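Got some structures for you, see below.
In what comes next, subunit A is part of two complexes: it sits with subunit B in the first one and with subunit C in the second one.
Here is the complex of A and B:
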C-alpha cells in the first residue's frame, strides 16, 4: 500500500495567554502523510516551528485513542472536524485533500476561557460533576456483579450516556454555549441505574444549578451538540435531564 | 417557553376553529363573533390571559436570545452548522418578532375594532392586496416558528422516546402545515374573490 501525501494551508488561532487578544496565523505544511492523525499533523507543524525557533502551537491531548476527552479543536467550523463520531486525535488526514485550507480554532464558549492557542480551561465541566455527578457508596464487601438485575435496554441506555468523555465539543458547537448534553448525559447515566436512585433528586437540582452558575447558555434544541459529539450521545439525554429536573423541582 | 408555547398552540387551535366559520360565510363568522362577545366574562378572562401568556413567551424568548448570545462569547471564523435543515431553529427570534409585529397589527385592527361589524372589517381588510400579502408572510413565519417550536416544546417537556419519535417527527411537519393552510386560506379566498 502506498502512502499518499498532501500539502495543506493552516490558519490557526494563536493567543499568548488568557489575557492576550489572539489572532489567526497562517502556516503551510508539505508532504503530510494521509496516514497521520490530525494531532500528528500538528506535531509536524510544531517540530517545524521549533526548528525555526518559533513558539509551537499549544494544544491539549493525552491518550490519542479517542477515549480520554482531552483533545479537541474546531476545524473549519465543526468541533473535532468533519468526521462524525470522531475525536480530533482519531481524525485522519486521509479525509482531507491536497491544497485544503484548514481553519483551526479553540473550543469557544464564555465558560471555556482560552489559556493559550488551542487550549481552553474546561474545568467548568469538572465543577458540574463535583456538584452531583457521583454516587455515595458506603464501603463494605464488593457486591456481586449480577446481584442487581437491570433490564438490558436500561443498561444499554446508561452505558450510552456514560460513554461521554467530557471533551466539551457539545458546548463548543452549541450556538448558545450550553452544556446541556454533557450534564444530561451525566445525570441520566446515574438516574437510569439503581445505584443512582438515593441521590436522584438532589443530583438533578445540584448539577443543573452548577451548570447555570458556570455561565453556560440555555438549550434551544438546535441539535448541534448531538451532531458533533464524538461518542454520538443523543439529545434524548437532555430530555431525560429535563424530566429529572422538573420532577425534582415540582414534586420535591 | 414550552409551557407558554403549548398554551399558544391551544389558542391557535381555537382561533383556527373560529376562523373556519369564514369558509362558510362572513355572516356566520359575524354570528360566531356576536355569540362569543355575548359572554363578556369569558372574553375578558381569555383575552387577558392570552395577552399575559403571549407577553411571557415573547419576553422570555428575547431574554433567552440575549443570554445565549452572551454565553456563546466570541464566534467562530468559519460559521457553519453540523445539523442540516437548521433554518427554523436558528431563526426562532426573527420568526418570533415577525409574529409579534403581526399580532400587534392584527389585534389593533381586528380585536380592538368594532365587534359588531367584524365580518365587514375582515372582508374590507383582505380586499387590500398588501394586507393579504402581509398576513400570508406572517403565516409563513408562524409555520417556520412552529416547525421548530412544536418539536422543541416536546423535547423540553422530556418527550423524546424512540417509540414516539417517528410520530413526533411527522407532527413537526403536520402541525405547522395545518395552521399555515387553515390561516392562509382566508386571505387567499378573499384575494381571489371567492370569500363572501
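Here is the complex of A and C:
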C-alpha cells in the first residue's frame, strides 16, 4: 500500500432544510491522504468550513465500519461511490485521482425526503419492516435452538439475504424508486427458514402493500439496485418476493 | 449514597428463581396503565422495549439515529456465548459463570453473573425463533466456535455479523410492537436531561435532532440502554454518536457511577494511520483462533514480513503463554502488543502494530476454509488498508473497545435513583474489570429480554407512584436547564471563528490525555498529571470552541459539542477512579502493582470492591463509595494464562 496526497474539487448538494430548495456548491480540498475514508475526507472539509465560519455539510454516519447502514450519498452518479460492495464509510480515497471532481448528492427518491444537505428521511423502510418483517414470537417460551434442524446451506442463503443493512442505496439507484431489493431480502430470509413459515403469506402481502403505500415504485429489471448494494444482495430476492406475493394473493 | 445490592438469599443457583418468586407482579390488565421510557435501541434497549410491550406496558422508546436498527450493537462481529454445551465439551452454566467472573478478574457480583449464565441459553432459543440465521453444521444443528480465552466452544455466530443479526432480531420484535401501537418510537431524539419528581425518575427531556425542539416525556420508569463511554478517548471502535450524555445526566441527578476506569482495550484493531483518523476498526478476535501473533525478534527490523525468516520471528504470545497461546484474554494480548512496540519491535509505518499471520492456517486448512470463516473480515481489512491478509500478515494494534464501568445498579438493574434502570453496556454489572469475548451481546439481551421485565414489575408492584405528567414543574425546569446549556455552548460562537478551535480539536486533545495516562497501563504520576491537565482542556473548550449555526436546526457540530462537554466532565471521575484503584486488575496494569514476572497483580485485601462515585455539584470533588464484593462460591485466584 502506498500513501499519496491528492487534490479534489467537490460539488456538494446543499439544502438548508426539508422545505428549502437546494443547489450544488463547489469546494476544493488539497492534500487529501489516499488512506482516508470518504467520510474522513468530508470531516476534513467540514473542519475547514467551520474554521472559515461557514456551515459544515450535514451527512448521516455512525459506525463507519460499513454495517449500520446510516451513511450514504450518491458520488458521481453512483450510490456509495464507485467501489463495488462498499459503503461510503468504507470507500477510501485511494480510488480517486488528484484533480478529480466529485459530485456528491443525497440518496434521492420520492419516498426519501431530504432533511438537510446529504441527510434524507428513510423511515419508510422501517415502516415496511413494521408491516410484517418479523416472526411473531413473544419473549420466552421459544423451543430449544436445536429443536428444528436447518440445513447449513439454507441458513447460509438466509444469511445472504439477512445481510441487508437498510441503507437505501437500492432505492436511490432505481429509476422507479423501488424498495424491492430491501423488501425482497427480508421476505426471502424469513421464507427460507422454518421459523418464518406460519406467517409466510401474510408477511408477503403486508410488506408488499406497505411498500406500495410508502410511494416506492415497481421493479422493471434494471438491476441497478443489485449493482450498488454494499452487501451484494442478489436480485434473486426480488424474484422470491414476487413468487411469495403471487402465491399469497392468488392461492390465498 | 446507599449501595444496597439487593442480592437475594439462598444458594447461588436458586437466587434468580427465589427472587422471581418473591418479586411483586403487575396484573396483565394493569400493565397498560404503566408507562416505561426506554432510551437507546441497541440489543438491550430494543429487546427491553419489545419485551415490556409484549407484556402489556405502555412503552416509549428513543434513539438518536434515524432508525432503531442503527444502534452500535449492530457492529459486533464475533458471537454470543451461551452455556448450551451442544458440543459436549464440558460446558455448563456454572462454567460460563466461572469463566465470566474469572475473566472479569473477580470484580463483579457473583449473583448477577450467575444469572447471566442462567439465561444465556434462553437467549439463543429466542433468537433462533425470531429467524436469526445462526451458522449451522451440515446436519442442521447450531454451530459453535471457541472464542477469546474460553476452553470450550460455546460461541454462537452468524458469520462475522453476529451483532447485526441479533440486533435485527430485536429490531424486528420491536417493529412488531411499534406496528401494534404498544411502543411509540421516537427516532432522531437525543436525551438531554433526566427528570426527577420527589427523588424518583419520572421522565426525560429530549432534543429533536432535525428541528432542535426540546420535548418533555413523563413515565413511571426510565430505562437507560445508552451504551458505553469509550468515545471519551476520541478514537475508539465505538460508533461516532456513542456518548456518555444520558448516563452522565443521570449521574449528575444522583445516580452512582461505578468503576469508570474499567475500559477494555481490544487487541485486534486496525492500527492508526493519520491525524485525520475518525475512528478505529475492530477486527473480530475470532481471528486469533487461526492467526498467529508475531513481531520481528530484532528491534527496528523494517524488512517485509515475508522476508523475515521463521527463526527471526517472535511468536511472543505462544512462547509466553503456551497453554492459551494466541487466545489469551484481551487485556493480556493488548498489553503484550504494547510491550513489544514499546521495545521497538512494532511493525508498519507507525511501528505501532504487530503481525497477525494466517499463513500457517492457510497451509493447514486451505484458503477456502479460512475464507469461509473470515472472508468478510479479510475483505473489510483489505478495504481499509489495501493489503490482502491471504498474501501478507494483517497488522493489528489495541484500541478502546468496551467500557465495563457504567451506572451502578443493584440486582434489579436499578440505579441509586429509584425508578431509573440501566441495562446493557450502560450499567457496570456483569463484566467486572474485563469482559470476555462474545459476552457483551449475551449481557445486552439477557438484561433486555429476560431480566428487566421481572424487575420492573417488582418495582411497579411494590412502589406507590403518584400520577405525574409533563405539566409538573420539574419538566419545564429541566427543559430550561437544557436550553441554558445549549445557549452557553453557543454563546462563544458569536462573532465568528476567529481565534477559535473546533469541537474535534478539543476532543482529540482529551482523547490523547486519556490514552496516554488512563489507558492500558497507568501509574500514579501519570494519572495525577492528567488530573492537573484536564481543567485546562475544559477551560479551552468553554472559552474557545466554535460551533457554527443555531440550536433550532439540524446542527451536528452542536450535537458533538454537547456530548464532548459531558465527556470532559466525565473524564475527571475516570481519572480519579484509576488513581484510587492502586491495584492492577482486569484490563489494566497499574505500574506500581506487578508480579516479579511483570504480570498484573491484583490486591484483594484492599480493592475487592466496586468503586462508586457520587456527584457533589459543580467544581466540587466527587465522593467515592464502595460496594464490597463477597465471594461465597468461587475463590478469587490470581489469573495465570501460562
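Brief remarks follow.
We take it that the second predicted complex is superposed on the first by the 243 of 252 C-alpha atoms of A that agree within 3 Å, B and C clash if a C-alpha of one lies under 4 Å from a C-alpha of the other, contacts with A are read in each partner's own complex, and residues count from 1 in each chain.
FYI, contacts are C-beta pairs under 8 Å (C-beta built on N, C-alpha and C of every residue); 3 or more make two chains touch, one makes a residue touch a chain.
Because the structure is predicted, anything quoted here is derived from the model rather than measured.
In the superposition on chain A, contact of A:29 is made with neither subunit B nor subunit C. In the superposition on chain A, contact of A:217 is made with subunit B only, not with subunit C. By the touch criterion stated above, A:137 is placed in contact with subunit C alone, subunit B being left untouched.
Of the two partner chains placed around the shared chain by superposition, subunit B is the only one that A:77 touches, whereas subunit C remains out of contact.
When the two complexes are overlaid on their common chain A, residue A:205 makes contact with neither subunit B nor subunit C. A count of residues in subunit A touched by subunit B and by subunit C gives the higher number to C. Put simply, subunit A uses no single residue to touch subunit B in one complex and subunit C in the other.
Contact residues on subunit C toward subunit A in their complex (touch as defined above): 47, 50-51, 54, 65-72, 74-75, 84, 86, 122, 124-131, 133-143, 156, 158-159, 161, 163-165, 168, 171-173, 175-176, 178-179, 187, 210, 239-241, 273-274, 276-279, 281-282, 349, 380, 383-387, 449-450, 453, 496-497, 502, 504, 546, 548-549, 553-554, 556-557.
Subunit A meets subunit C in the complex at residues 1, 3, 16-17, 33, 35-37, 39-40, 43-44, 47, 49-56, 58, 60-70, 83, 86, 90, 92, 94, 115-116, 119, 121-123, 125-126, 129-131, 133-140, 142-146, 148-152, 154-156, 158-159, 162-163, 165-166, 189-190, 193, 195-196.
On the side of subunit B, the complex with subunit A involves touching residues 64, 67-83, 86, 89-90, 92, 148, 151-152, 155-161. On subunit A, the positions that touch subunit B within their shared complex are 11, 24, 74, 76-79, 103, 105, 108-111, 173-178, 215-224, 227-228, 235-236, 238-240, 242-243, 246.
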